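One structure, pasted below without further comment.
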Amino acid sequence: MTDYQKVLDSIYEDVNKDKIRGDVANYIPALSKVSLEHFGMTLRTSDGKEYAVGESDQNFSIQSISKLFILTMVMMHTDSDRWDRVGREPSGNSFNSLVQLEQENGKPRNPFINAGAIVMTDYLHDFYKRPGESILEFVRKISQNNTIGVNRDVFESEKATGHRNYALGHFMKSYENINHDVIKVLETYFFHCSIEMSCDDLARSVDYLVHSGKNIIEKSKARRINALMLTCGPYDDAGEFAFRIGIPTKSGVGGGIVGVCPGEYSVAVWSPGLNKAGNSLLGTKALRMLTNRLDSSIF
Amino acid sequence: MTDYQKVLDSIYEDVNKDKIRGDVANYIPALSKVSLEHFGMTLRTSDGKEYAVGESDQNFSIQSISKLFILTMVMMHTDSDRWDRVGREPSGNSFNSLVQLEQENGKPRNPFINAGAIVMTDYLHDFYKRPGESILEFVRKISQNNTIGVNRDVFESEKATGHRNYALGHFMKSYENINHDVIKVLETYFFHCSIEMSCDDLARSVDYLVHSGKNIIEKSKARRINALMLTCGPYDDAGEFAFRIGIPTKSGVGGGIVGVCPGEYSVAVWSPGLNKAGNSLLGTKALRMLTNRLDSSIF
Amino acid sequence: MTDYQKVLDSIYEDVNKDKIRGDVANYIPALSKVSLEHFGMTLRTSDGKEYAVGESDQNFSIQSISKLFILTMVMMHTDSDRWDRVGREPSGNSFNSLVQLEQENGKPRNPFINAGAIVMTDYLHDFYKRPGESILEFVRKISQNNTIGVNRDVFESEKATGHRNYALGHFMKSYENINHDVIKVLETYFFHCSIEMSCDDLARSVDYLVHSGKNIIEKSKARRINALMLTCGPYDDAGEFAFRIGIPTKSGVGGGIVGVCPGEYSVAVWSPGLNKAGNSLLGTKALRMLTNRLDSSIF
Amino acid sequence: MTDYQKVLDSIYEDVNKDKIRGDVANYIPALSKVSLEHFGMTLRTSDGKEYAVGESDQNFSIQSISKLFILTMVMMHTDSDRWDRVGREPSGNSFNSLVQLEQENGKPRNPFINAGAIVMTDYLHDFYKRPGESILEFVRKISQNNTIGVNRDVFESEKATGHRNYALGHFMKSYENINHDVIKVLETYFFHCSIEMSCDDLARSVDYLVHSGKNIIEKSKARRINALMLTCGPYDDAGEFAFRIGIPTKSGVGGGIVGVCPGEYSVAVWSPGLNKAGNSLLGTKALRMLTNRLDSSIF
């Protein structure tokens, strides 16, 4: 039997020795103050056992990991063949690029780049009267934690300085690929990016993706979400993640990464220092050690 | 001696036969209702004589022609070597493209594409307390017509639907290439695009560019404005304009084009139907006939 | 127990009804004459049982499927972390694009786009004196078929008309990302693209990827090859393939596609009509039916 | 009366003081050995008087200046409205870029970027049996110097190492925008780039552009060539040249620049050190001083 705790402990020991810890996201003022010293990691097996090291119960800004929840909520309401205002292809560009959007008439490449997640958030406004509240409700339910909420400082900070995202929203509106009011859609977008969760919460929250959608979404849809995570989850690093880590993941610029090994376990890791692609530097290393030491891979 | 009136008459006769008249700009609702039948043209010689055909005294939306006035106003206040947040190169892309802006870190190629004119408008906010009023004042002065004003419908229409321009503004703000409040700068931008003038007004307004800047701006700066008109004035058609028309021009999606033959004459033409590059279709043809029949060219 | 033959039979019945069969690759003269009516499919289980329908033993041009064998051969000789003149990211562009190559200084995105495979072929010239022969030898060995060879017409046709590939080769040489003589490297490239195999051969040839590299390559490398197939194998359709088919694949413009369900089976399908992304239209449909009806997916 | 010699002398004095002299083109081995110390300049008035400073009679590699002669030769044979496989727009990209070529289906933006000049050279193969000889003949005629020839070292050097140009040629051939054999067309291209001339030769050679085409080409075509020089001549610096120098020019990476002030004078300058855009650094400065001190400009 695998001794998961031992594996996590060995990873924790190794990352603690690492002096190179990346840089915090400095384009969101409220995030730029977070210390590089944080590290937490939680693994939850398919039968519900949880193993953790470091600050696994410490809240942090989930940022783009929220895109995974938004996608799931949209797919709960609509056949995955039907959401046709967003593609399903890796972008080959950085997560907030406008170039491809212009070349492809305002249709984002996938739901995990900012533009795609903004359109997904626009879809949510079709299904929910108060999308922000509904998102919180959903996230609390799947992570079995009713205290989860939004960090107001981060939210206000993004609303005031998120010019790149305003640009993306207005740009897609000019292609008529946003149906609702741009400003309202972006407010919801900034809202769900500002949700705070811990590694413990996150590992629990994606349990449905370990179990082919159990209780939350159909099997075929859960598999497709996993496929999207693998091909597009870690921004423009998705190829390297698939190549070296080998399981579906979704990262956020708050330094969190969540991963899913279907049928076996889910994992969440947090370390605020980012690499150039915007993924947690130590988090990426930790996941690489994990799948290597567990000899686990979907391939 | 050149019989300018005869040349204009012959052009008027020829364009009236033309059945292909292009399409009105449909992305600005208030402009999409204008009839394709309009045509007016005014030529003003360097010694102040004016010749006209068609609806030369009819007001229309000058749109991007206002970029010429904004540029002049900025250059009145600053050495042309100093405005360094905008380039001086043809863009090789359509007038509202974001692609190049992303590749070049938010610095627009020249002051005659939308992005460049928005930065120029941002500069104006450094120099004037009420930029909108100052622009109107300047335009009234150079065209010797105190009744010139803004079309409120067009202005409100652009403010409500100009998502592409909002995208450009926020995008450049994200690169810190807009100093003032984005929304305020765009309001001034939409304001000066909504100015209405006639061909008679326009031909008169650029008299200073026929006379090396006379009374308005230094000779070297006037020449540089003419150079920018030639290389960047008619959007992504500048090369063809230089090749076939051979004098500096600036066009607008309202269907107006203003041209300058230094030392000889200025000319303004209006016909609302546009070609693919966003320039007046008949206006372009008329200017081609004009320089051909007058055998005039700066080359 | 799964009745694989019954599943293949049902697929064969369904694709035979399909009137829309795509278009043959017309930029390679020798391929443009192939009939759209061909269809063959072979599935081989991890324990070596083979099931087939249609023209499963008919030879066809494997084209880009050869990139999979070239990659394997390079990885046999070098640590996968070491081949650093090619990336591991999805390109987000069509398979023969030069755009990204220019933006990224001549380094191809991955080994499955033409540029990347040309560099991989260049690597082969480091390891083998007669790379063409060595490739044939390897392919014959893994498919247990000593009669496999190259179609001379296709080879000559590509050598004479493959201007896009010559462009890619010279372009990368200008960035010093080709070490050997461009023309020789391209000759080897055209050579391995011109190999002919049947579905039966192909299904057998990738058995090592079903079995974590067995006898051919280390486990970690086999997994990485599978990961690259999933994220980059079917050109610019990789996202849709992962989303809808859910297993690693590699396609060729000859109309063949090979797929791997690790631990369970390999599959090869052939139908010459292509979709817009250059993948076999019916082949893609057949694989979608297969994983759906078998309820198999790596996610 | 203007004292041209005095103006040239003052320029010569000023450039000699300049310590920053740019870098020689290092991608053509035979050019990389040229000393940065060279400087020559020749001005020829419309009535045939010649003024010179420095090494004005020293031969150097004209490189892209030959594109001006090729364009003229093509236009001698065909109506300028008819050469439709090359555009007339500034490219907004560097002179050897492939990006735009791919986005615009193999049609180069203008005849002064490499791709455009290669297509123009392809046209020449329609009109001449031995294009290389015919080009030399034409250049000798217009510069009244029968000793003008090709530098064999430069020619062989470019043939052996011009991979970027081979890439451009094959790339356009793949779009069927090259009619003749790619390798032969490129040989002619490298041939005319390797012509050697002095400033004295060059100033004389473009006399027909000072005189509206006199004896060489129709007036309307001469003007159009001048227009193309202004908008596209100095590569991606055309806007700055128009803005600061104000007359049509064509530059080459050998460090030469030729300029035309219609009706007044032609000018040639040579200094091998280049700026980032590939134009002679001191040559550019010298031309700026010249038009400034002469107060000459087409605007």
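Labels A, B, C and D are assigned to the chains in the order they are written; within every chain, residues are numbered from 1.
Operating definition for what follows: contacts are C-beta pairs under 8 Å (C-beta built on N, C-alpha and C of every residue); 3 or more make two chains touch, one makes a residue touch a chain.
Note that this is a predicted model, so its numbers are computed, not measured.
Within the contact network of the assembly, the step distance from subunit B to subunit C comes to 2. Computed centre separation for the pair subunit A/subunit B is 46 angstrom, with centres defined by C-alpha atoms. Per-chain CA centroids place subunit A at a distance of 54 Å from subunit D. In whole angstrom, the spacing between the mean C-alpha positions of subunit A and subunit C is 32. Touching two or more other chains at once is no residue of subunit C. Taken together, the touching pairs link the chains into one ring where each has two partners. Under the contact rule stated at the top, the pairs of chains that touch are A-B, A-C, B-D, C-D.
Those residues of subunit A that touch subunit B in the shared complex are 97-99, 101-103, 163-164, 166-171, 173-174, 182. Of all residues in subunit A, only 80, 87-93, 100, 109-110, 222-224, 226-228, 230-232, 236-240, 242-244, 246, 248, 262, 297-299 touch subunit C in the complex they form.
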